[in-house]
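One structure, as structure tokens, below. Some questions next.
Each chain carries a letter (A, B, C, D and E) given by its place in the written order, and its residues are counted from 1.
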Amino acid sequence: MLPDADAAITRDGKALILAYDHGIEHGPVDFEPNPETADPERVFDLATHDAVTALAVGKGVAEAYYPSYADDVSLLAKLNGTSNLWMGEPDSAVNWSVEYAAELGADAIGFTLYGGSNNEVEMAEEFRDAQEAARDHDMGVVMWSYPRGQGLKNDTDPGTIAYAARLGLELGADIAKVKYPGSPEAIGEAARMAGPTKVVMSGGSKTDDRAFLETVAGAIDGGAKGLAVGRNVFQRENPKEILDALEAVIFEEASVDEALKLTSASAVAND
Amino acid sequence: MLPDADAAITRDGKALILAYDHGIEHGPVDFEPNPETADPERVFDLATHDAVTALAVGKGVAEAYYPSYADDVSLLAKLNGTSNLWMGEPDSAVNWSVEYAAELGADAIGFTLYGGSNNEVEMAEEFRDAQEAARDHDMGVVMWSYPRGQGLKNDTDPGTIAYAARLGLELGADIAKVKYPGSPEAIGEAARMAGPTKVVMSGGSKTDDRAFLETVAGAIDGGAKGLAVGRNVFQRENPKEILDALEAVIFEEASVDEALKLTSASAVAND
Amino acid sequence: MLPDADAAITRDGKALILAYDHGIEHGPVDFEPNPETADPERVFDLATHDAVTALAVGKGVAEAYYPSYADDVSLLAKLNGTSNLWMGEPDSAVNWSVEYAAELGADAIGFTLYGGSNNEVEMAEEFRDAQEAARDHDMGVVMWSYPRGQGLKNDTDPGTIAYAARLGLELGADIAKVKYPGSPEAIGEAARMAGPTKVVMSGGSKTDDRAFLETVAGAIDGGAKGLAVGRNVFQRENPKEILDALEAVIFEEASVDEALKLTSASAVAND
Amino acid sequence: MLPDADAAITRDGKALILAYDHGIEHGPVDFEPNPETADPERVFDLATHDAVTALAVGKGVAEAYYPSYADDVSLLAKLNGTSNLWMGEPDSAVNWSVEYAAELGADAIGFTLYGGSNNEVEMAEEFRDAQEAARDHDMGVVMWSYPRGQGLKNDTDPGTIAYAARLGLELGADIAKVKYPGSPEAIGEAARMAGPTKVVMSGGSKTDDRAFLETVAGAIDGGAKGLAVGRNVFQRENPKEILDALEAVIFEEASVDEALKLTSASAVAND
Amino acid sequence: MLPDADAAITRDGKALILAYDHGIEHGPVDFEPNPETADPERVFDLATHDAVTALAVGKGVAEAYYPSYADDVSLLAKLNGTSNLWMGEPDSAVNWSVEYAAELGADAIGFTLYGGSNNEVEMAEEFRDAQEAARDHDMGVVMWSYPRGQGLKNDTDPGTIAYAARLGLELGADIAKVKYPGSPEAIGEAARMAGPTKVVMSGGSKTDDRAFLETVAGAIDGGAKGLAVGRNVFQRENPKEILDALEAVIFEEASVDEALKLTSASAVAND
């Protein structure tokens, strides 16, 4: 963790990362609820929203779309990922070199580590190479710290999530993305364990506006420094509204009730 | 996917790739229906047909024949491949470095990825190296995206093919070659998932002229950007005629009936 | 073992290494007895104590805190380590390159070798690379020589510890950190086997002041050249006092009774 | 396959390779029928015979003897090989780098590929590196194309040998050395499948003069471009005579009867 | 095998290698018969004896002691070795790079190959790298050629030892160290199979003076070019006497009876 290394993908020390690696990790099934979401352009457009501090995508998507958005979007190069056709112990192919990410103009790198997998040691060493190369290119480092695999019975257990967050600090991540461990207290403890490494919660699968915003607000109150979100934004019919609301909750210390006014019901009223 | 990176192996945004890697993948048995087809020179001659936008061959064949055809054929260097003597989980040896392919004058590289194989992670990382090296040499990238191996029950299932096509986009291919998923709608959906990455259908084993052309025409109408074909062309007695017909269907928006006039029956009449 | 290579992390030929890699090796559970100990800053402060000849931490912690302590703390870069979520044969990921450790200003490297593990050969070769790179950067080398894994029934058996210490010498460590083998004679024999490589005992889990100091004093008398300690210092309420006492025992030839006067009871009296 | 790349180890487009890698592949047992044959000098002397277009040996033998024969012998550096103490799936260690072979003055490289072995993919990738390095040094490439291992029931089946020969072409060998598939027709078919890659038959274990020469003559008539032979030459009492006869059959279109006149019976008469 | 490459570690074409890698291979148990033998300095002193043509030690020991003996001892850098805590198939970690050995002033390298182990192929490729790097630094190469592992029933069988010696020649060793195969004839046959590669016998475990000297003298008569010895020298009370005797037998063609006069009984008489 290098102070200020993540400046290009944070705002006031917090982060709202729009994650769009579902095409590799889950495949087209994630786009079915809203077929337009298969189009990366739609998500790049969303990423120009002021609330979004970085957009996480894979190499091929970045090659095709990022050049047109370089002025308006901060690029978080998600280096590794694997299709869910994979049947082995949790693992993730490194699909993108740091050097090429830098060449394309990435502001930071993202990297998944499956602690507890039989591939943990190999993945940690791949992370080492990526993290140190990122330093050479003055890029921040975000770890998707997801304990998973043989021996992990519950991957959102508070103790496991606290360990996951601490691994982010120990191994050199500036930001650690962890699963939500079920309570503001638990993610707060994870944040305390990560020290200066910022902890952001994963958005998870789509929920309703209030439930989602309350979870995020609680996490921020508890000590989390933001959110990394995909489906809970891009699968919505009015994704910009939820971004408005998230911006209020994460960066402007708004209450959930205030933030909810920025979503559809009140939006209609304001028109 | 880098816009225009595949310009040297496409025409009007579409591709007709003549594939001739059967000598390594299947061995001499594929040449038995027409023994002359074992001779690469015959296939290089076919590749000079205007309809063909690229010829995909392995290193040894390219070394021996490509220098004589460099002015008339676009070379798609098929980097990996393995004999069917191999009994392990699907895998493919990288038989050709990108650097040497560039030295021989290749216009693009071709690379097989067996998503779902226990070797998927390793193959994806080999693809990464090849894809990025291709960028250094301004070469386009074609992925043979073929989910296969442990856990794959049906490798032409529409959902699987759509995922295969999307992997092409996500991992940085300019063109994704996929198996035909059984209907124009299904390959159209795959094409939509691949976004700017062009989807081309595999020709598969030899069928009769009308059936073959109707499948291709349907795929093009559905959204596919072309065809990668081997046996369905080179095993025919009059392979140039089927190329004439394919050219009409793929590049000239001809109907199947119009295209069929370019094949033997009518050809005889026209002589 | 290169004479004087460890000068930056020893004092009068002896070492008191404060080890703080628990966040990766054991996770937050090690901070529970004293929640403040999760904060690396607290441990860096402790490491400014005159008694401490080096502080062993991982890359991420060093990135965040070492720059502020570079004048007052000698940095021992603990290069490898793995979470205890790992269920495989003992292994340790190399999380930090020697080059980057040198860039951050490290004075020496630390490296775990699990002799007897099915990963011993691979770990020894990783140690080779690290040890030789350390020589290029004029850094000392400390081996955590911990026989462990298939076939090891008792990892504190005197014969095993003597072998562990000798491996330190043979493979090129300047200091070998070994588990305490149960008696001053046994650690003395380990020290004799290590020859010019200094043997330091591991502090192990927390014990009371007298028991701890007597073990350390006995080890020093037996021939050990110091101590590498974590929980037995940082989990205490008054860690500076135990450092005062350890300094007396290790560097000043004080008796345990004299040293104990520097801890709480007498400290209170001195106030 | 690069036209003319094998010029230094062929004569009139044909090859007679004297192979002497038995010391590694089989061990001293192959020298027992004629103990003098253990002495490499004896075989280097044989290799000065006009009939021999190249001598295939391993690195250690080349280091010791080739400098004295560099003017009279063409060196085929056999890069890989493994003792028959090996009990695993067929594999072959790469014992010699192309760079060092070039430094010692080698004219070409030889490389074994066990198609069908569980090590096929790895061996093919090692072959790639060697083949491309050979091109950098203007050396020809000979593949010992020997399908073997799990799943191969009959390694001299005509179809298998034809596939083996084709793999030579596809992967970039200038010459493919294959087992004799039992008939002139079968080796002719293999030669046709290899196209411009020259197919040479393996000499196999020692047989009598007439049987051996008839097999070779038939293979040449069938389309093979020569022979790679070891025991069938060096185990004979008068190995130069059989080389005279082979030269007649391979390079001078002599009949077997004519060639046989050059061996012992008539040789005695001519003295 | 490169003529004269071993000149720095031989004398009149013969070698007496003092081997002291027991600390890694067997551990402290080998020093128990004579506890002083744990001290490398004692062995370096022995190595200054005229009889000793090279001292084989590991990296750590060389770092610590060789600089003081560089004028009087020829250093044979034993590159690989593994503790006997290892429970897997025979393998040996490469603990020392050739480059660093050269930097420390080594005259030659030593490398163990376990032919027949499931790790044979990997070890042979590591040997290749080491052997070729040694050539770059003008260092001789000694192979500890020890068939071992799955499938080896008797690792001192004459045929196995002859094969082991031949592998030394084939793979590029200047000297092959083999187990004593039980008779002067058998080691002579091994020497004949190794051709110009010198065969030296391993000293094995400690035996009495006459038995040991008779075995060595027989081996030399049979064709061996010397001895690599550890325990049979350094475990003795008067190791210099046995070196006197070995010098007589190996380099001065003395009889065993003459040589025995140089050991204790007569030494006492001569005082």
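General observations
In the analysis below, contacts are C-beta pairs under 8 Å (C-beta built on N, C-alpha and C of every residue); 3 or more make two chains touch, one makes a residue touch a chain.
Predicted model, so just to flag it, every value in this text is computed and none were measured.
Chains touching both chain A and chain E: C.
Superposition on CA atoms relates chain B and chain C by a rotation of 145 degrees, given as a multiple of 5.
Taking shared numbers over all numbers used, the chain C to chain E interface scores under half, which places it in the different class.
One finds 59 Å separating the Cα centroids of chain A and chain D. The centroid of the Cα atoms in chain A and the matching centroid in chain B are 36 Å apart. In chain B, no residue touches two or more other chains.
Taken chain by chain, the contacts form a single closed ring in which each chain touches exactly two others. All chains form one closed ring of contacts, and listing them from chain A in the direction of chain B gives A, B, D, E, C. Note for the complex: chain D touches chain E at residues 21, 23-24, 27-29, 31, 38-40, 58-61, 63-64, 81-83, 85-88, 91-97, 99-100.
Taken together, the chain B residues at the contact with chain A in this complex read 1-3, 115-116, 118, 120-122, 124-125, 127-128, 131-132, 135, 147, 150-152, 159-160, 162-163, 166-173, 189, 192-193, 195-197.
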